[in-house]
Each structure stands twice: as C-alpha cells, then as structure tokens.
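Labels run A, B, C and D following the written order; every chain starts at residue 1.
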Amino acid sequence: MIHMKEVYKKYPNGVVAVNGISVDINQGEFVYVVGPSGAGKSTFIKLMYREEVPTSGEVIINGINTAQLKRKEVPLFRRHLGVVFQDFKLLPKLTVYENVAFAMEVIEEQPKKIRKRVLEVLELVGLKHKLRMFPNELSGGEQQRVSIARSIVNMPKVVIADEPTGNLDPETSWEIMRIFEQINALGTTVVMATHNREIVNKIRKRVIAIEGGMIVRDVDGGDYGYEI
Amino acid sequence: MKYRTLQRHFRESLKSLSRNGWMSVASISAVTVTLLLVGIFALVMMNLNHFADNIENDVEIRVLIDIINEPEKMKAAEDKLIKQVKSLPEVAEVKYSSKEEELKILIENYGEDFSLYEQSNPLRNVLYVKAKDPQQTAELAKKIDKLDNTYDVIYGEEKVKNLFSFLNTGRNIGLVLILGLLFTAIFLIYNTIRITITARRDEIEIMKLVGATSSFVRTPFLFEGLWLGLFGSIIPIFVVSIVYHYVYNHLTPRIKGEMLQLLDVTPLVFQVNFILLALGIFIGVWGSFMSVRKFLRVY
Amino acid sequence: MIHMKEVYKKYPNGVVAVNGISVDINQGEFVYVVGPSGAGKSTFIKLMYREEVPTSGEVIINGINTAQLKRKEVPLFRRHLGVVFQDFKLLPKLTVYENVAFAMEVIEEQPKKIRKRVLEVLELVGLKHKLRMFPNELSGGEQQRVSIARSIVNMPKVVIADEPTGNLDPETSWEIMRIFEQINALGTTVVMATHNREIVNKIRKRVIAIEGGMIVRDVDGGDYGYEI
Amino acid sequence: MKYRTLQRHFRESLKSLSRNGWMSVASISAVTVTLLLVGIFALVMMNLNHFADNIENDVEIRVLIDIINEPEKMKAAEDKLIKQVKSLPEVAEVKYSSKEEELKILIENYGEDFSLYEQSNPLRNVLYVKAKDPQQTAELAKKIDKLDNTYDVIYGEEKVKNLFSFLNTGRNIGLVLILGLLFTAIFLIYNTIRITITARRDEIEIMKLVGATSSFVRTPFLFEGLWLGLFGSIIPIFVVSIVYHYVYNHLTPRIKGEMLQLLDVTPLVFQVNFILLALGIFIGVWGSFMSVRKFLRVY
C-alpha cells in the first residue's frame, strides 16, 4: 500500500527534513506518526500525497511511484487519498458546504449524490448547522473539522491526517477518532501525525516515532513515548 | 468534460466574480479604461488617416490646352484630349474649366485689376485631372504632357512630393502608435488579471492538492476572464458610439464643403465596437489562461 | 487589570459567540480558558486585545475601555499586550528574526537592544538556529514558537495566548509552559486558551470554562474538567 | 518619527520591493508602459499643436497697393503705408513684394502665357502682412483696408474662418484626449498598485495587531510607491529621448523649408521627461497612500 525506501528530502534552503526513511504500511493499517516539533512528520506525510517529491529514494503509494508521476497524473493519483492538512487549506472564498463538495465535484460526481454525501459528512463532524459560513467565520477547531470532512467525503482508500486534533478539545477529538476508527474498520488505511499522547496511549495502534528526519521507533500497539 | 461540469464551471465563474468583489471591479475597470483609450484613439487615427487621404485626393494636375483659332477645331481638339485623358488607366476624374472661369478665379485671388482682361482674356481653357492613386500624380502628369494639344502641365511637383512624404511619415507614425497602444492595452489588462489571479494562487494550490485536474481549475478562470472582457467592454462601446455620434453631428455642418470630412458614423462605429468587444474578450480569456497556467505548473 | 462586564459579541453573520460574560482578572494572575471547539474562547480573547469590540457590555483592560479607544490609540494600547494567535499571524515576507524584531521596531527600540533581545527570546523558544528562515519554511510547531517569541519580546504586562501548544509535542509544550510560568512569576498576567488537559491538570491555575459563549465554571486551581 | 525609524522604513521598502518579486515587477512595468504611452502621446500632441500653429501662422493678408504714376510719390506712399501697417499693434510681420515678383509667381502657377506681360505688367505691388495672433486676421484686414493707398485687401475670408474653426476643434479634441490619457494613466497605475497592496492586506492587518501605528505601516509602502514610480519612469524617459532624437534627425532634413516643422529636441524632451518623472513618482506615492489607507482604516 504505502512503501518508502531510503527516502531523503532536502528542502531548497538546505534543511534535511527526512533523512533516510524506509517503511511499509499495509492496506487497512492504522498508523500514528509521532515526534517532536520539526522532526519531519509533516514532510513525511507530504511525501505520501506528493506535495513533495523525495530528493532520493522511492515513495510508492498504491503501487505508484510518486516521483515518476507525470504532472497530469498527480490529481488523479490524489483522488484515492484523503488528506487533512495541518493548516486546514480550506478555500477561503467557498462556504463550508462548497469546500467539502469541491472534492466531489472534482471527480465529476452527480450533483444529487454530492448533496447527499456532503450533508452526511458535515453531520458526522458536527458542522451541518454551519454549512453556509465561510472559513474565516469559523473557529480553529471548526475549520479543522471541515478539513476532516473533506478528506473523507470521497471514501478514499487512504486517509492521511496531519494533526487532525491539534485545534480540538478532547471531547471533539475523541469523536473525530471514532470516525477514523470507523472508516479504518471498513478497510481504509489511516496515517495520522499527532502530538496527542492521550489518544495514542488509549487507542493503541502502530506508532512510528520520527526524530531528526529518521524513524527511531516503530511498534505495533505502542504508546506515545516521550514521557516527561 | 461532462456537460454538468461545464455548467458548474460557468456557475462558479460568476460566483467567484462576485465573491472576489472589488478585485473583479478593478480588473473590469482596467479593461474598461484601456478599451476606452483604444476606442477613442482608433476613431481619431482612422479619421486622421481619412483626412490624409482627402488632402492627397485634393492634388490636381492642371492641363493648359493649346489655343486653336477656329472654334470648331478647338472644340474637336479639346473633346479628343478629354477622351484621351479619360482613357488613361491612372485617371480618376477630369474636370473642364473654360478660360472665363479661370479668369474669375484669378480675379478672386489677385484683385479687380484683372477685370479689364474680361474683354481680351489671355488665359487658356484648363483640364483639372485627379489620379486614382494620388501618389501616381507625377507619373500621370508626364503621360498627359505627351498628348497632343496640351500647352503645359502644372502640378506643383516639389510641393506634392513633400506633401506625400510628410503624409506617409504621418501614417507610419500613426500605425506605430496604434500598434503600440494595442500592445500596451493587452499588456495592461493581462498585467491586472495576472495580479488578481496571483493573489489567489493559494486557492489554485489547494484545489490541486484536493485532486482537481488542471483543466478543472482553469476553466472557471477562463469564464471569469470572459466576463471581465465582456463587462469591461460595455462602457467603452457605449461611449465610443455616443461620443462619435455627437462629434459627427456637431462638426459635420461646420465643415460642410471643406476638404476635410469626418468618416460616416455607421460602418466606423460598428467596426470599432466590434474590435473593442473582440479585444476585450480575447485578452480576458487569454490573460486568464496565461496567468493560471503559471500556477498550475507549480508542484 | 482585565475587567469584563456583561459582554455580548454577535458577529455580522448572526452568530452570538460571546453571550453575556462578566469576569475580573487581576495583575499577576494565570488563567486558563477552556471549553469545546466553537465555544467562544478565541472571541473572548479577541475582545481582550481589541481585535473585536463587544456588541454590548464593557471590556476594560489596564483601565482602558476598548470600545472607547480611538483608532489611533489602538496600536499604543496593544503594545502593552503580548498576543499568541491561534493561526500564528506571522508576516510571510519576513524571516523568523525579522518577525520577532518587528514587534520591537514598532515601539522604536534601539537597534542594538533589538538584536540582543530577539536572539534571547529565539534562544528561549529553541529557534535561534532558524532565524534566517521564512515562515513557510517552518513546521507548524516552529511557527507557533515564533508567534510565542514575538508575544513576549517586549516584556508586556499581559500575555494573551490562544492555544499556544496546539501544534506542539508534549515536551516542547512543557518548555513553553515553563516560559509562561517564568514570566508570570515576574508579575505578568497570563491568559491562555487551551485544549491541553494534561497541562491544565498538572500546572494548577485558575480555570475559566466557556460553553456556548457563557462562563460555566470559574475555579482557582481547578482542573480541565470535560472527562470522557 | 525617529530618524532611525525612517532609515528602517527606507531599508524595509527596498527589501519588500525585492521580496514581492514579480508583483513589484508587474507594478513597475504598468508604470513603464503607461508613462511610455503618455510620453509618446505628449510628443505627438505637442507637435501636432505646433503644426496647427504653423498652419495658422501661414495665413497672410495680401494688400494691393494703389498705383501712382510718379515713381517718387509712389515710393513715398508705399513707405508711408508700410510704416502705418507696421505700427498697427496686431501686426507681426510685413513683407513687400514688387509687381515683378508677383508676376513671377503668377507665371509659375498659370504657365508661360503670362510671360508676354513682362513688358506691360498689369499687376500691383503687394504687401504680405501676418497678424501676431492669426485669429485676428479678419480684424486686421479691416483696419488695413481703411488706410490710404490700399487698392484692395485679400485674405480668403471664408477659408480662413473654416480653417480656424477646424484647427480649434482639433486642438480641443487633442486637449481632451491628453487629459483623458493622463487620467487613464493615473487610474491604471493606481489600480495596479492597489491590487498588489490588497494582496498584502493580511500583512497590514498583522502589523496592526502587533501594535504598529498607521504611519509605521504606511511609510514603507510610500517609499515603495516612490521606487515604483522612479524605476517605472526610467525606460519611458530613455525611449522618449532616443525616439524623438531619432525622429527629429530623420525628418528635419526631409521637411526643410516646409511649412510644418517639428519642435526642437532640447526643451521639449526635457519638459516631457520631467512630466513623466513627476507623474511616475506622484502616482506611485499617492497610489500607495490611497491603497494602504483603505486597509489601515479597518478597525
């Protein structure tokens, strides 16, 4: 499903954010990516949905080598992934409803289906009553939930989430985790970068710990680590 | 692309136009102002060019006719000459002026003194000849000179040469100016569209991150460009029509009978308006296309 | 110090984000603001640094009624506050160093002092080695730390922080908390909206819980509440 | 504001100019293109106006002098007339042309036939008079007519009136066009600056949130506007100078002795360049000021 081999990523300014990572994640797995701030978690995740291309090494997602994708093929590749971005990346000129619907319009879904499904996922993340509002009229946590709704609206094979609970209170966080567990139970692979010790320690899954761009720990059913 | 997707893009483009609020207004008004400039400039240049044509067309050859003492023979000779001149391929117009008419003109120019010549008129009958292409005047004059019964052929050689050289230079400068203005207009509109789209580069980036193909991102922008061009050319079209109508109606009676005439309203205004509309839409769509392309390429 | 009386805030779209809050916070206090996503915490905090003006009621900070401030006086008023924004609000065209220095340039500090102090606070938040980088070259946590550095660089009398640890791993979070405790010990008032149960429960301070725009709990040395 | 703060703003403005990369380039090139337009248009209009002046100045009054049979008396009468005419306040220039010279001109225009009049010349001596302000020609002609020893005063009344009406209309159109162009230029540059600054409204908002006063936020933008105007007027200044130099050198020999003369390079090009520079800087600074103001006003 997700296969990385000796991946390095050096940014133009010289920072080596990913420094030789090899990892395999299978269909249906649930993986936490943990590590200190600036460790390279987001970069690791950006490599998966091909926002970044590795400087060397190979990243193979669903059997596709992201570095070899032609520019035209990238959007089609991304449609099989659902991504929650650390900075939400909502379209500021579109309403909550339109932001989520956009991901379905892109694959030219039928308008009727779009309407039904969007309302469904907005209900799921608890934002059905705010569907006419624009992102800058939402609280941080609400924006995050819109981003989450958008990531799952197309029922992708893989959901990649970068700190999906960073702006959420514990209760909402648990609700979101329940959603992720549900879609994972249906066979969707979930990869999730997080700082949330509570969640990682309670819902035990595979934990990949990154420090300085390298995997320092990879344990099935592991804990968050990093005790103080 | 499915039909309903096209519909969606169409809707989106209108939504986006209104949600981008005054950025859209700024672009539209850039189009408006630039096209207004192009329109008025085109009207002026086309009329100036028309004036130049008029001035050129005013260049005449004066053919003085030999005097033959027997009136019948004279008449025959003159008729023959007129026929010959008329048959020359370069000739556009031939006008006959008797020596009596010539004298009247002379008196007008040189004073009543010449009235005493009304009894024994020393002048000659004259043919005024115009060339089809005024620039052929010199050539034509030479040809006429060779015909029988011409006494002298006069057309202000030096003056005509200078006039033509001047008018041609003027026309070239005009052409350069109008091309320059067109280029400028295209650049300015493109520039404005590009800046507004750049301000939205994040949007484009996000769309692509969510799996939109380039054409999916691009199409609403192209429609938006279309609206910019369309809405931007409305005012110029109205202004050009109304202003030229007004100027034409105001000036024409004043310069009636003068050498310099304004071009008629009907075909001119339609031509210019068509150019404005086409230009507006073309630059709007093309400018959007080029601007979006830049950001679609990234990643 | 901070005095709010029957404050209401209704946004133009009709949402009532703060629905009658009265509260007093004294010089030198340390206050957590907790509550679910969308409860009105950020709005409550925006009212303090006058990004928003109350629809009714009065907000008095340092003896100044924010609603009565003339436009010209707002910047001067803000200089006595240090603010950490939930979405960082860094200047994208300025480097890390310049972003922090900007807050000091604004008060026309001497260049020498600026240099010294900026390096000092960047050291404190652990970003001295990244001072030449631009915000978009930083990880989420790093951007948050720049925002924190900027908020404390002028040694304000009040620091207002909206989820300062939202994008940070627990370890870095504790370091930031230690910084806040330090400046609080020196007499600075600290008001901090947070979702971090661990921190609130460990470093016991006054806790104000907001739900639906109203204060539902206000306990000195309270816990986070909201158990699952 | 402290001096070092001003220095800081100065530095910031240059940094910002380069960090905003091609947005700055876009603004500068909008200034460049627009000023280029203004510059070339100004050159053309000022020369056309000069042409119009030349044409007007070419309007002459022909004063036919009475014939007195005694040459001495005639001479005295003519001298007196010339003196009288010269003393009229409206008169700019008086030229004397003997009847022999007049005949030469006549022969040139009407053919060799008139050579036979060389023996007994029926023409009169003539004074060619130009008015200081050509528009006073009619009035002046009347005054001269009342003097002694004038036989007739001719100046093509109808034609002159039409010519002046035409040239005045032309000049008014030109003035409207140049004002319109100036207005357009100001609008287009302002528009561009405004869009680029709007794209940076978040920056302004953040600065204010961090405690910056309006003037602290504004000043670097004003400096930036200054640079935009300054850098944007460099190319137009060079182009205007070089092109006009070239056109002048190229055309002047060709139209030597003609009625229509180009304006001299030296004062004209400096004047136009000064206008361009002043305009560029003014719009740059003013445009920035107005654009930033909008976002400073918010809260």
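Quick note on the criterion: a contact is a pair of C-beta atoms (placed from the backbone, for glycine too) under 8 Å apart; a residue touches a chain by one contact, two chains touch by 3 or more.
These numbers come from a predicted model, not from an experiment.
Counting only chains that touch, the fewest steps needed to get from chain A to chain C is 1.
Chain centres here are means of the Cα atoms, and by that rule the chain farthest away from chain B is C. A separation of 23 Å divides the Cα centre of chain B from that of chain D.
The centroid of the Cα atoms in chain A and the matching centroid in chain D are 67 Å apart. Put simply, the C-alpha centre of chain C and that of chain D have 62 angstrom between them.
Judged by the touch criterion defined above, the protein chains form a single closed ring in which each chain touches exactly two others.
Of all possible chain pairs, the ones that touch are A-B, A-C, B-D, C-D. Residue ranges on chain A touching chain B, taken from their complex, read 49-51, 71-72, 74-76, 78-79, 83, 85, 89-93, 102-103, 105-108, 110-111, 150. Considering their complex, residues 1-2, 4-5, 8, 16, 19-20, 202-203, 206-214, 216, 297, 299 of chain D touch chain C. Of all residues in chain C, those touching chain A in their complex are 11, 13, 15, 34-38, 41-42, 86-87, 133, 137-142, 144-145, 162-163, 166-174, 195, 197-198, 224, 226, 228.
Listed in rising order, the residues of chain D touching chain B in the complex are 23, 26, 29-30, 33-34, 36-37, 40-41, 44, 64, 102, 106, 109-114, 116-117, 122-124, 151-152, 154, 162, 165-166, 169, 173, 177, 180-181, 184, 187-188, 191-192, 194-196, 198-199, 247, 251, 254-255, 258, 260.
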